[in-house]
Amino acid sequence: MAEPILRIENLRVEYRSKDLGQRTKVAVRDLNLSVYPGEVVGFLGPNGAGKTTTMNVLLGFLPPTAGDAFLFGVSVRRPIARQRIGYLPELTYYYKFLTAEELLRFYGKIFRIPARQLAQRIDWVLNLVELEPVRRRLIKTYSKGMQQRVGLAQALINDPDLLILDEPTSGLDPIGRMKVRHIIQQLKRQGKTVFFSSHELGEVETVCDRVAILQAGELKAEGRVTDLVQQHQCANLEQVFLKIIGYHEPSDQLTGMAVAQAA
Amino acid sequence: MNPAISSLVWPWRRRPEQPAGLHLLTALNNIHAVGGVVIRELYRRKDFYVLFVLTALITLVMGSVNFFNEDRIVRYLKELCLFLIWVSGLVIAVTTAARQIPAEREHRTLFPLLAKPVTRAQVLLGKFWGCWLATGLALVVFYVFFGVVSGLRERQLPLDSYWQALTLHWFMLGVVCALALLGSLVFAAPSSTNTITLVVVTGILLLGRHLNKVALSLPEPWQTVVYGLYFVIPHLELFDVRDLVVHNWGAIPWGIWLAALGYATVYAALLLGAACWLFRRKTLN
Amino acid sequence: MRVWGLTFGLGLVTAFGLAARLEPWFQSWIGNRARSANLLEVALGDGRKLFARHAYVKADIYFHSGVYPSIYDLRPAQAHMHTATATTAGHEAEAEEHSWLGPPRDWLDRFSRHFYPTRHRHLGESHHGHEPGPRPQTGSQDRSVAGEERELLPWLRLSASLDPQQPQTYVVAAFWLRTRLHRVNEAEQFLREGLRANPGHPEILFELGRIAAEHRNDPDRARNLWELAARNWQQRQGAATDSDTLVYAQILAHLAKLEEDQKRYERALEHLQALKQISPNKPAIERWIHTVTQQLHNR
């Protein structure tokens, strides 16, 4: 089996919170996860499960308390580990005083892409995300959807081998979500590896090869979507997800309460 | 992927594994790239243009005042113009530097940047480089204006003096930029950083030269404390050669000029080192 | 659109009507304050005197080409300003008086002295090659710097605008205007302005007399002005300071000289006798009296 592109080993992240009276909050608890080349892996979990914390560690924003993570065999603590990745944050904010073209040229410079190739690359990604007509407009004039697409463009500027997307369809309309889904599928066909978190389980089910489900910092389930559905005897991924995190329908509770009161 | 592109060699993807430390050229490239963004921001904001227009307007209005029908009075105009340039330079340097990191954190533009193969130190140094370059560009415009105004009145242009004044001013603002960047990592709000940096810088400019005299008049242990402070603070007033320019004292020896630039470089490096150390330990959220 | 226009028009009419209604009431209320139509007076109030003083000191700083003690260097001897008497005081003595910097206290102090003016110099003095100074005009070998005193004028003008009740400002400016800058008309105009603000001030009258005598060739007018100045000085004698006494001495000396030149020796002797009472250099005055007396006898 090929070496994993992304390897998380016994990752533990703890916060010391003033709100909790300086007690330690464990955000990620002994996480082990691997992502192999060419896979599209969905990283799921309810809010506060530790998904963004894990991604922050992968991207070097946050040092782990224990354990480590590796990108292409290089520890994430080293900046060179990020040479071949692209990252789309959940909240897409970019320099409002730049145009899309200038922003991509800036990021391309950081990747040391030669000028001529960079110009071609910028043209290509802007066409891909359908921002070519507005490439010279300042980003502050863009709509939410356009800013999201700029985010996708900057994540692709260096032709990355691994894409880390944090809720890529967040805030998008159905057409926008479809376009993003289409791009992920296109990247998958090109042999790229995609690791993304999302709350849109329908989309995850459509595009992902594997999913990993996190809750309270712990990895609760991992595997192929079809295998998980079969294993947990559920109809779809959403039910698997709800079952794993132990969520019960509110109607059951109300019915139960009404029955108890009547009794 | 576009077939035409896929057939091209993408050297940054096929580059062999980098050594343990980042290559110096890569670091300089990143610093320069980040600095370029800062410069672009400065000339797309209105601050510089407003300050320049104000300076030019006030200078030209004051230059049109008639004093006893003497049309060759120039020193008051030079002093006024240089004073406005100094105020404008300080405002540009402090406000530009103080808002860099807080704005990146507040607008969350820091995350996509740090997700690239760039270290926090390179981001900080890039911000400094951009602020300092941007300030230098602004100063060039201001000093050219000053040169034109004084040259037309005085009918002479001591280029060596003006060049020294410009470069000393620029290097002084480098120390100020570094100080403001450090302050922006210590204080939460840019307004706090602006105020404190301006107060500190103004205090040094006004009192720095005289601290040793003040120290000598104090009893111990305050004399030692103040004298120690006198040696520790960056003496920004060294770079204020306005009196020499206004009163036509001529250029200072070039060796002394170079030593002063070196002095500023050392202090800027120390402040930036402290800022890098702080930034590495800061949580980004 | 019409509604906005009508509303705007109504607002204008109301504003002008109110202004017309309130103006007479305001005029009756403002009383003595109506005299101060000066923007600076209204904006700064009595604080303008501080700014005027600062502007006057600035003129002195300019006279010394930026070489000036700070408040941390001040000693009593440096409190005296001599922008008007630079030509009379000994340059070397003044240089010694201005050695307030002293030797450098440390290496930083020594290094910093390259970055601000430290050598004693007056405006209008020529320079030699080894001394710092203004660049000569392009193509010119002449290093004369005559007329540099013009640089004092803006600060003196500002000081007078801020505090017209400082006669010294007018006197100093007039001195430089007429002696070095050859602008006698401007000097006279400025002195008259000072006289309007300080009616009958002896020093201003004295300077006006000097203009009449030295530039207008009008000895009678000069005599009238100096005699008026002397009378006014005597009326103010109760508040005389050392510098005021010096002014009176100068008035008497000039009157004596004028009368001597006009061969009115008796009047000259009267002035010299009065001068002898207050002059610190009595032997010199006595010799002068002796000379005039001889001239009187030889007539």
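Each chain carries a letter (A, B and C) given by its place in the written order, and its residues are counted from 1.
As a working rule, contacts are C-beta pairs under 8 Å (C-beta built on N, C-alpha and C of every residue); 3 or more make two chains touch, one makes a residue touch a chain.
Note that the coordinates shown come from a computational prediction; the quantities given were computed from them, not determined experimentally.
Trainee: If I average the Cα coordinates per chain and compare with the overall Cα mean, which chain comes out closest?
Mentor: B
Trainee: Please identify the chain with the largest separation between its CA centroid and the CA centroid of subunit A.
Mentor: Centroid comparison gives C as the farthest chain from subunit A.
Trainee: From the mean C-alpha coordinate of subunit B to that of subunit C, what's the distance rounded to whole Å?
Mentor: 41
Trainee: If you average the CA atoms of subunit A and of subunit C, how far apart do the two points sit, in angstrom?
Mentor: Subunit A and subunit C have C-alpha centres separated by 78 Å.
Trainee: Using the touch rule from the top, collect the residues of subunit B that touch subunit A in their complex.
Mentor: 1-2, 5, 8, 10-13, 15, 17-18, 20, 22, 26, 29-30, 32-33, 36-37, 40-41, 44-45, 107-109, 111-112, 114-119, 283-285
Trainee: What residues of subunit A sit close enough to touch subunit B in their complex?
Mentor: 56, 59-62, 74, 78-85, 87, 89, 91, 93-98, 102, 106-107, 109-114, 117, 120-121, 124, 151, 154, 158-159, 161, 164, 190
Trainee: Using the touch definition from the top, list the residues of subunit C that touch subunit B in their complex.
Mentor: 62, 65-66, 70, 72-73, 105-106, 108-109, 111-112, 114-117, 132-135, 137-138, 147, 150-151, 153-155, 157, 173, 177, 181, 183, 186, 190
Trainee: For subunit B, which residues are in contact with subunit C within the complex?
Mentor: 65, 67-70, 72-76, 155-156, 158, 168, 209-210, 212-214, 216, 230-231, 235, 237-241, 243-244, 246-250, 252-253, 256, 259-260
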